[in-house]
Structures are given as structure tokens and as C-alpha cells.
Amino acid sequence: MLSELSAIIESLVFTAESALSTDRICDLLTEYSREEIRSALAELEEYHQLRNGGFELAAVAGGWQFRTRPVFQPFVTRQIKAKSSKFSQSSLETLAIIAYRQPITRAEIEHLRGVDCGGVLKSLLEKRLVRILGKKDIPGRPLIYGTTKEFLEIFGLKDLKSLPTLKEIQALDEAPQYERQDELPLGQELLIPVESDLPFE
Amino acid sequence: MLSELSAIIESLVFTAESALSTDRICDLLTEYSREEIRSALAELEEYHQLRNGGFELAAVAGGWQFRTRPVFQPFVTRQIKAKSSKFSQSSLETLAIIAYRQPITRAEIEHLRGVDCGGVLKSLLEKRLVRILGKKDIPGRPLIYGTTKEFLEIFGLKDLKSLPTLKEIQALDEAPQYERQDELPLGQELLIPVESDLPFE
Amino acid sequence: MSRSGSSHQAGENVPLLDGLHEQYSVHLDTFDGPMDLLLHLIKKNELDIYDISIAVITRQYLDYIKLMKDLNLEVAGEFLVMAATLLHIKSRQLLPLDDPEDAEDEEADPRAELVRRLLEYQQYKDAGTLFGARALLGREVFTRAVTEPFLAAAQNEEGPLEVSLFELVDAFRLLLARIPAETFHDVAPGDSLSIADCINEILALLQEKETIQFDDLVSDELTRERVIVTFLALLELCRLKLIRVFQGEQHGSIWFVPAVAPNLAEV
């Protein structure tokens, strides 16, 4: 079992942005002497060496840091691909334009956004969020874009009709309609929704 | 001492970006059976409970994550800024209504609270604590809302089923009344029980 | 809980208003709407929630609203709605019951609906308090800040997308706010069926089916508006050369098929 000071130091090293030096730990824990901190650190180091866990306390770059043990690297690297990617603002904007204004050409999207969208459009096509619907019957026969089934799946939409309209989002800033209130069912049983209704897998 | 599989799982949970579900662990470790993984996870959970370190293995948002123990908050916040995410009463109330009654419309939330919720709802959407689930199949097709995975993560909940039932909550509310009537000095035995041992069936 | 409680309160009539100023000047902005205020008044007067003295509560409630007005605070509409509800209940209590059987019917108590709402509200209010008292991530508990150095280097590959519907709509809203109005007008007004919606619907259907019949599109909702909008949507889709239309015989069913195969070589 760890001493309290060792546990406190453990929580500091665990949450630090980078390797935490002994000096820094002493600065943070002014109520403890340097001697106490040194011996707690020694205890912590030995504890993690002996426990043979998935990670250990490493002395790196003049400080302390928790790192996975090298033998487990083959396992750890398996989850690299699992890192979720966030949407850039330009992808999101372009996708929103296509979703709400489909069928739409690249020139029309670029007119709205005021910037070139070639790269963004390509990445949306690659991610299968957007597809080519056909060619528009105007000079140059530009491609027309629309959203895909995968788009609906990612946003958890039943169909395109379920996309919230702008009005509905804007309505969040507006006052409610009181007339509607009386029509609601009251005193209905208060149950936590059953598993199948839960909004996540 | 941890078994090898427990140590491998520990390294995976330790390096994951967010809570790692048992399913995902099984996907990553195909050379082990689900049964083996389950029992290794149980071992790991018990191990971290007993070791009394600076951080612990928490079951949140349908997965596993290492988190500092709440008692060390005063130390940890000396080096990192705690989010000033102080939730207002109206945010918490609205969040509670959505958590317990999802899927729910804005009009239903406003009926329960007796007050406009547009602004609160919008800020909960922006904080990703609440999401749009779709539209309700009634005239007007209003938007329906539910809680997110981030909600479970931030509030440290394993899943929606681990929310205290409304019945349990009501019982909590009756406790202080009892206290007031008898005018007993505030002692340990009068503390309102939280989570595990509630004074009813 | 008994009636003596409420009559006791009624006797405290005079000092009540003095207390009001003192109490509310502190708490004024902490009432989260009329339900919150009502619960506070019930608690403060130690009333039994199942047997509220409407007379006491209504008077104090109206005093509070008057105070808000005196302080030049804007009284939100919902506070006035509740005031009307309270006065309505009070007036109904004053009326004699025509039918003696109504007296046994619990629902005949004009307060029943309000009490039910208050009890329900209180549950969620308490649930909210419980939520707030939990150890929150980023406030009381923290996760690891550093990613594994060798992982960080390898994490260029993209995984599943993470974006919410709200972000999508909000991105569109912000974009529209940015561009001048005349560039572009909103084609989806309110609840009424728009051609754009209808086009989207047809396009979505064509992703699943090879052919669609006109009648299938309007069968769920056979209204004049629906038929016209569907027809206009089809014309627009023809114009864009996205669909081809067929008719087997005169006055026969109209069929249409996608004009292009789903997997275009250009992709």
C-alpha cells in the first residue's frame, strides 16, 4: 500500500502535461519537505517497478512520467487507428451546405463559402459522407453533390427530413409557446428509459 | 502481482483517448477469449480499488478509464486549471430532466420546469452534454433531445441505468425534513446517504 | 401536517412583507422560474405539499411579483402564467360544488394538477442537485494529460468521425449569418412542405430502390399540397437530369429511375 504522500505525487505525475521534475513537485507541495518528497518518490518508483503492471514510472528528461512498459507496445499500437477524428470547421460548413442545399454544384458551394472547396469536397467524398448525384444540365455539365446513407448513419438520422431546420435551431433563442403546454401528458410514469432507447451503443 | 493479461489491458486503458469499452478491448485482443478478458478486468478493477493510489480505474460511459481520486483534487489543481464548469441550477435541472425522460422535446422540458429552456438547451448542446436525437412523430415534428456519452463521462456515470431512480431521489428530499422536526444536532448519522446505501427498498 | 400549520401562517400576515424584502433581495435571482419560487414558498411556510394553502401561497407569490416590479426587474411571462393559474385555483376553491359526489373524487381538488407538477418538478430539481454534487471530470477528477510519445507520432490516421448534429446545423446557421441575405434565400420555411425537402426525400429513396412509382411518394399523405410539391420536385429532378420518367400507358402509373448509376466513374 502506498503512503499518502506517494499517492499525492502519483496523482500529480499522472495529470502533468509533461515530465514532472522533483523540483517542481517540491514547489507544488510546499507542506512537505524535500526529504519527504524524495523518499516518497523512491517508494513510488520501487512500487511501480515491483508491481509489474501495464505502465511504470519512468525517469525521463529530468522528470517523472508514467509510460507503458515497452513489452506492451505491440498491444498499445493496435488502438492507434481507433483515434476519432474531429471535423474541421471548413469540412463541417461544406457538409452542412451540401446537406441543406442538395443537389448542389461545387461552384454553388464555393459561392456560398467564398473559398475554394476542392480539397474539402474530395475528403468528404473519400469519407463517403457526400456522393456525386449526376451532372447538371448547364454548360460545362458540372457535377452535382448530395449526402449519403453513411451521412445519415453518422448523424443518427432516420432520413433527410429529420435534419433539424435552421428555424428550429434559431428557435432555441426565442421564447417558448405556452399554448402547447396544456396538451402534454402529465403524471405519466417516470421511468429511466430502457436500454434499447439509449442514445448510444 | 497482476496477471499478464491484466497488465496488457491496463496498458490499453492507460493509453486510450477516452473510456475504453470491454467490447473494444475484446476487439483489440483477439488472441484472448471474452471470458478471459472479463475476468482479467475484474482482477484489475479490484487491484486498483485496493492499491489506494493517486488514481483509480473508473467504470464510466460504458467503458474503463483511469482517473485521479477526488480526494486529491486540491493537489492536482495546483498544477492544472480546473475547468470552471460550474453548472447553474437551471442547467443541472434541465440536464436531469433530459437524462431521466429522454427522448424528450423542448416543450415537454419547459412544461416540467415551468420556464423557457431555449438558452439552457443551446448551451448544453454546445457543451455536448445533450444531443439532438431526431424528430418526434407528432404534428409539427419537434426535435427530441437526449444525453450524450460526454454527459456520462463528465458526471462519472457508468451508464444511464446507474442514475439513482427518481424514487431514491425523492427519499433524499424527505430526509432533511425529518432532521428539522427533531432538531437533532448534525451528526454523522444524519448525513444524507449518497449512492449506495439508501434507506428504502 | 395539519391545517393548524397554515392558519398559523395566516396569522403571520403583517410581518410577512418585511421578511419578503429581506429574504428576496438576497435570493431574487436564484429562483429558476415560478415552480422554483412556489417550492420555496411552500418550504418557507412549512406547508404540506399535498395540502397547500392556496390563499397563503397566492398572496406571497403575488407579493413577490410585485416586489420584482418595484425593483424594476422584468417579470418573465412564465411568472405571470403561474399567477393566473394560482388565482384560477383559488377562485375554483371558493365555488360550491354542484355535485356532492365530486367531493369524494380526488381529482376534483383544483390543486391536484399543480401539486402533481410541483412534486414532479421537485424530483428533477433534486436530481439536478445530486448531479452537481458528483465528482465531475475536469473539476474534481482528472485523466491523464499526456499521450504516449510513440503513439502521438503515429496518430495521423483518421478514425471514426466525431461530430454532432447540432454542430452541423450550427455551422450552417453561422455561415448563413455571414453571407448577405440577397445571395440566397431559405427554401425551407417552417412546417410547410418544401420542394427542397421533397427532392431530398426522393433522392434518399432512390438510393435504396431502383424504381419508384409516383403514387408511392404521395400515398402516405394524399393532400393537394403534397401532390403539387412532389410533382414540382420531380420536374426539378428531371431538369437536373437526375431521374428519368416513364409511363407505361396513358393515364397509367408514372415510374421513375435514377438517371445515373450510384457508383460513378468520376468518383
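Quick notes on this structure:
Going in written order, the chains are labelled A, B and C, and every chain counts its residues from 1.
By our rule, a contact is a pair of C-beta atoms (placed from the backbone, for glycine too) under 8 Å apart; a residue touches a chain by one contact, two chains touch by 3 or more.
Keep in mind that what you see is a predicted model, and the values were worked out from it rather than measured.
Contact with subunit B and subunit C alike is made by A.
Compared with subunit A, the chain whose C-alpha mean position is the greatest distance off is C.
We define each chain's centre as the mean of its Cα atoms; on that basis subunit A and subunit C are separated by 26 Å. Centres computed as Cα averages put subunit A at a distance of 18 Å from subunit B. Contacts with at least two other chains are made by residues 78, 117, 120, 123, 142-145, 148, 151, 164-166, 169-170 of subunit C. Within subunit A, the positions touching two or more other chains are listed as 14-17, 66, 68, 76, 82-84, 156-157, 161, 164, 168, 175, 190.
Taken together, the subunit A residues at the contact with subunit C in this complex read 14-18, 65-68, 73, 76-77, 80-87, 89, 92-93, 95-97, 99-103, 111-114, 125, 127, 129, 131-137, 143-144, 146, 148-149, 152, 154-157, 159-161, 163-170, 175, 178, 186-187, 190.
Contact residues on subunit A toward subunit B in their complex (touch as defined above): 1-2, 6-17, 20, 24, 28-29, 51-55, 66, 68-69, 72, 75-76, 78-79, 82-84, 156-158, 161-162, 164, 168, 171-177, 180-181, 184, 190, 192-193, 195, 197-201. By the touch rule above, subunit B contacts subunit A in their complex via residues 1-2, 6-17, 20, 24, 28-29, 51-55, 62, 66, 68-69, 72, 75-76, 78-80, 100-103, 106-108, 110-111, 116-119, 121-122, 125, 131-135, 142-143, 146-149, 159-161, 163, 165-166. Looking at the complex, you find that subunit C touches subunit A at residues 77-78, 81, 113, 116-117, 120, 123, 142-146, 148-151, 154-155, 157-173, 175-176, 179, 183-184, 186, 188-190, 196-197, 199-201, 203-204, 207, 239-242, 259-260, 262, 264, 266-267. Across the interface of their complex, subunit B is touched by residues 30, 32-36, 76, 78, 82, 117, 120-145, 147-148, 151, 164-166, 169-170, 191 of subunit C.
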